[in-house]
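Structure below; questions to follow.
Chain naming follows the written order as A, B, C and D, and within any one chain the residues start at number 1.
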Amino acid sequence: MRINSFGYNIKECFKNLWRNRMMSVASISSVAATLVILGIIFVLIVNISAMTQVAKDQFDTIQVYLDDDLAIDGIEEIGTKMIQLQGVQDVIFEAKEEALEKMKLDWDQNGYLLDGLESNPLPNSYIIVLDDINYANYIVNTIQDYDGIEEVKYYQEVIENIIKITDVIRKVGLMIMVILIAISTFIISNTIKIAVHSRRREINIMKYVGATNWFIRGPFLLEGVVLGLLGAILSSVVIYFAYKYSYDAIMEQFYMFISAYLIRAQVIIKDVVFLFVIIGSGIGALGSLASLRKYLDV
Amino acid sequence: MIKMLNVSKKYNNGVIAVANMNLNIKRGDFVFLVGPSGAGKSTFIKMLLKEENPTSGHVVVDDLDITKLHRRKVPELRRKIGVVFQDFRLLPNKTVYENIAFAMEITETKPRDIRKHVPMVLSIVGLADKQKMYPDQLSGGEQQRVSIARAIINNPPILIADEPTGNLDPETSREIMKLLLQINRRGTTVLMATHDKEIVDLMKQRVIAIEKGRVVRDELGGKYGYAD
Amino acid sequence: MIKMLNVSKKYNNGVIAVANMNLNIKRGDFVFLVGPSGAGKSTFIKMLLKEENPTSGHVVVDDLDITKLHRRKVPELRRKIGVVFQDFRLLPNKTVYENIAFAMEITETKPRDIRKHVPMVLSIVGLADKQKMYPDQLSGGEQQRVSIARAIINNPPILIADEPTGNLDPETSREIMKLLLQINRRGTTVLMATHDKEIVDLMKQRVIAIEKGRVVRDELGGKYGYAD
Amino acid sequence: MRINSFGYNIKECFKNLWRNRMMSVASISSVAATLVILGIIFVLIVNISAMTQVAKDQFDTIQVYLDDDLAIDGIEEIGTKMIQLQGVQDVIFEAKEEALEKMKLDWDQNGYLLDGLESNPLPNSYIIVLDDINYANYIVNTIQDYDGIEEVKYYQEVIENIIKITDVIRKVGLMIMVILIAISTFIISNTIKIAVHSRRREINIMKYVGATNWFIRGPFLLEGVVLGLLGAILSSVVIYFAYKYSYDAIMEQFYMFISAYLIRAQVIIKDVVFLFVIIGSGIGALGSLASLRKYLDV
């Protein structure tokens, strides 16, 4: 039972799309509308994730205070040991004098208070820049066991909170995306189901004059794919320009602030197109096939 | 060619459309199926096409017991049988030309052959100038003739016509009958359900009369036989 | 009751279905409309219902020029005319009973009257036992009779039947004709397009013959007249 | 031309919904799915807004440092003047000793440094709690002109940024909601359009046997409303339980953190139901009427 030729399918597919054009337009625009919703959420989630990532990176340091009586070699030895730890990106030495200077600057108007001190009470320290924040605990625990360490300090609470938030955002974001993809799939396949339903008589007649199931499916399958693809393209274009416009507007108004961490439209659109094309054409095809089943069995 | 062995058909709603029918139609026969409205003629035809399955008994077409035919073999069966449906069953989104071409496309006829044959059969049924029209732009009789054209285009071994002249004037009807006879002479088995007394009486072929799902008469060179 | 004044109808695709037609059908007339397939009979009927508008000329129904009838007055016109459509036009999602009841519901008949009249008219056309079935569960002739029942239930002043016996056996046809005659005797104007030579010849009523959109014959007590 | 009776419409409406049940289920679930998307976004936006509001409230104080040589009456006079300003909710006095204690606590481990001070260098101060953050600038300017004020300090930058973020979130949120409502409307009316299209023959036949437009519209209109309402109810239920579940889960896992500012399900569901019922039934009705127009004109 040879499948009918590709040329026949293409021809039939576009003829049908045109002759049922009211239905085609309705289906395509429903698919596109659904995908636009998905796209808006996708863009938001990706940007929020990127921003929390940036926020996280700003707290990715560990401060290691050294014993005051530690000699130079001891200090260097600790430094080399630390740089080899997993998750450590960089290790910066901060001498006690530097630390006091910094403190003065930090204290700003109250800095003069420090001039009244007899000796520098601050220790020498290392600042560890982390590669990956998730290693923080392991690194802190390891370093604490070294000799010559006075104290290891890092913004445990802040970091933990940020990790938690990021985690929540990532999980909620992922969940929402999955739910939305499921719902979009559902709406798109419903749309196609209803569209196919309105042509049930046509399908029955084809069967009655002896067409095989695959012969009938061919053009419908292609139609589903084309509907899905056109919807995907339409929605991608909408998302691209809407996002570009919003991006530019935000950049102009809030350049110093959040905008620096927004992902550029050109970057995001690739993922969007990829996602949409797969969802649109995939569901278009599957939706057509699934909806046909009911009417082919005559 | 067509055999009915103890065939009964009871629809879901309890109507018994065909009751214990036994029939044997041989290759090359020309058979009229007559009977009052609701007698079971269309049901009989639908069972030959496996549009409906008999409740009991066996239907044999071309030496094949189609009662147990696998779903995937059904298209093959239907291609052996050209059918003029009582309700025409034209594809509403295809033109007259495309409707007929479709019957050839499903058998994977070469496009060249399609382009040659379709206009030919259209001119036989007198619709050469209507090929670009859609079914809803045709008169009742014209739709019926498109249905006839589609049924004969593939030269099927069996031709079934359910009331093929119901919407045709007597003259066109007679021409269609001539055509069917001609097709029958080339070896095609023809089965025609009809109410047209005049045609049946004129043609003097085998007549099978059905009433309430039962064969009540089966005679060669018969007459329509009702309301005489 | 029905007047055609220089009426022409050219479809969008260029087909001239009715050409410069002049006719006058009086109240209480019984008129057969005959002519070959594609002559323009159904188009003529569609213009009376304002389903199609004439390209030129005037159509007058019940002393009303419907050519310029406002869209909102169309339902009123259609309720005056009971129609048996060539393609039946039954509502697929309604049962036989509901299909006929629908015609009464639109005229705001009281539910009690509906419950009384529908079974009556169903038994007149011989479908008393089919009232709970859907159109696709009926045979061709049964569908046609439902269409007839729906056309007559409201006792309209005009009854139009487009090929009302095309799917009926001669006996049922004759009964339907008796029914139409009876309705006509009560004062209803009846217009019937048909190909049934036997019926036309038997009834001896006014016959209007159309060919290629033109009236070619109009005689009282006429014959079908073709193919003699 | 009297409209047909309500009873007839109800009867026909439910008969049709049942006889076209495949189509009804598809339409209702598409409406519901669309509204679920809308609901998810609505819930997110409302919560984010609430949270930024909370964040804003935490910075709604102005610190007013007083001259060291100001007498008690002067201090009190300034206090009473300030409490009368528009936008001021509360004024709290913080004596210089309290301030130093607080500072020591704040400095934590480095607090011992302050013990080395000879005299308390910190000034007396007032803390102004704001009613409405937008009055901040006006208040600061007014107070600066008072006698006996050393310095007025408030987290101008932080506050301005927060105002900006809140503004962005509110605007973006509102925009997204409007867009989503528009898209939902579109999808729902498309779904109904396609569903009506598959019954065009039925509508035509009704016209041909003499039904008036309103006679035909009645049941369809009601069908649209019922489809929309069922979709709205279905989606409200989904949103309610999904939100309640998420709320509880977040409460359990992150009780100390963001969760305190989440809006409770019982509160949010009222808005959701209100929004959904209006959109669902409104669009259902309008969609039906609009889709019918094309087929009624025969």
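Simple rule for what comes next: contacts are C-beta pairs under 8 Å (C-beta built on N, C-alpha and C of every residue); 3 or more make two chains touch, one makes a residue touch a chain.
Quick caveat, the model's predicted, so the values are computed rather than measured.
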(request) Any chance you could name the chains that touch chain B and chain C both? (result) none
(request) Could you find the chain whose CA centre sits the greatest distance from that of chain D? (result) B
(message) From the mean C-alpha coordinate of chain A to that of chain C, what's the distance rounded to whole Å?
(response) 67
(request) Please report how many Å separate the Cα centroid of chain A from that of chain B, as a whole number. (result) 62
(message) On a C-alpha centroid basis, what's the spacing between chain A and chain D, in Å?
(response) 24
(request) Examine which chains touch each other and state the graph shape they make (line, ring, star, complete, other). (result) ring
(request) Report the complete set of touching chain pairs. (result) A-B, A-D, B-C, C-D
(request) Write out the stretch or stretches of chain A touching chain B in their complex. (result) 1-2, 4, 8, 16, 19-20, 199, 201-202, 205-213, 215, 297-298
(request) Could you please specify the touching residues of chain B with respect to chain A in the complex? (result) 49, 51, 71-72, 75-79, 83, 85, 89-93, 102-103, 105-108, 150
(message) If we count contacts the way the header does, which residues on chain D are in touch with chain A in the complex?
(response) 22-23, 26-27, 29-30, 33-34, 36-37, 40-41, 44, 113-114, 116-118, 121, 161, 164-165, 168, 172, 176, 179-180, 183, 186-187, 190-191, 193-195, 197-198, 246, 250, 254, 257-258
(request) Going by the contact rule at the top, pick out the chain C residues touching chain B in the complex. (result) 11, 13, 15, 34-38, 41-43, 86-87, 132-133, 137-142, 144-145, 162-163, 166-174, 195, 197-198, 224, 226-227
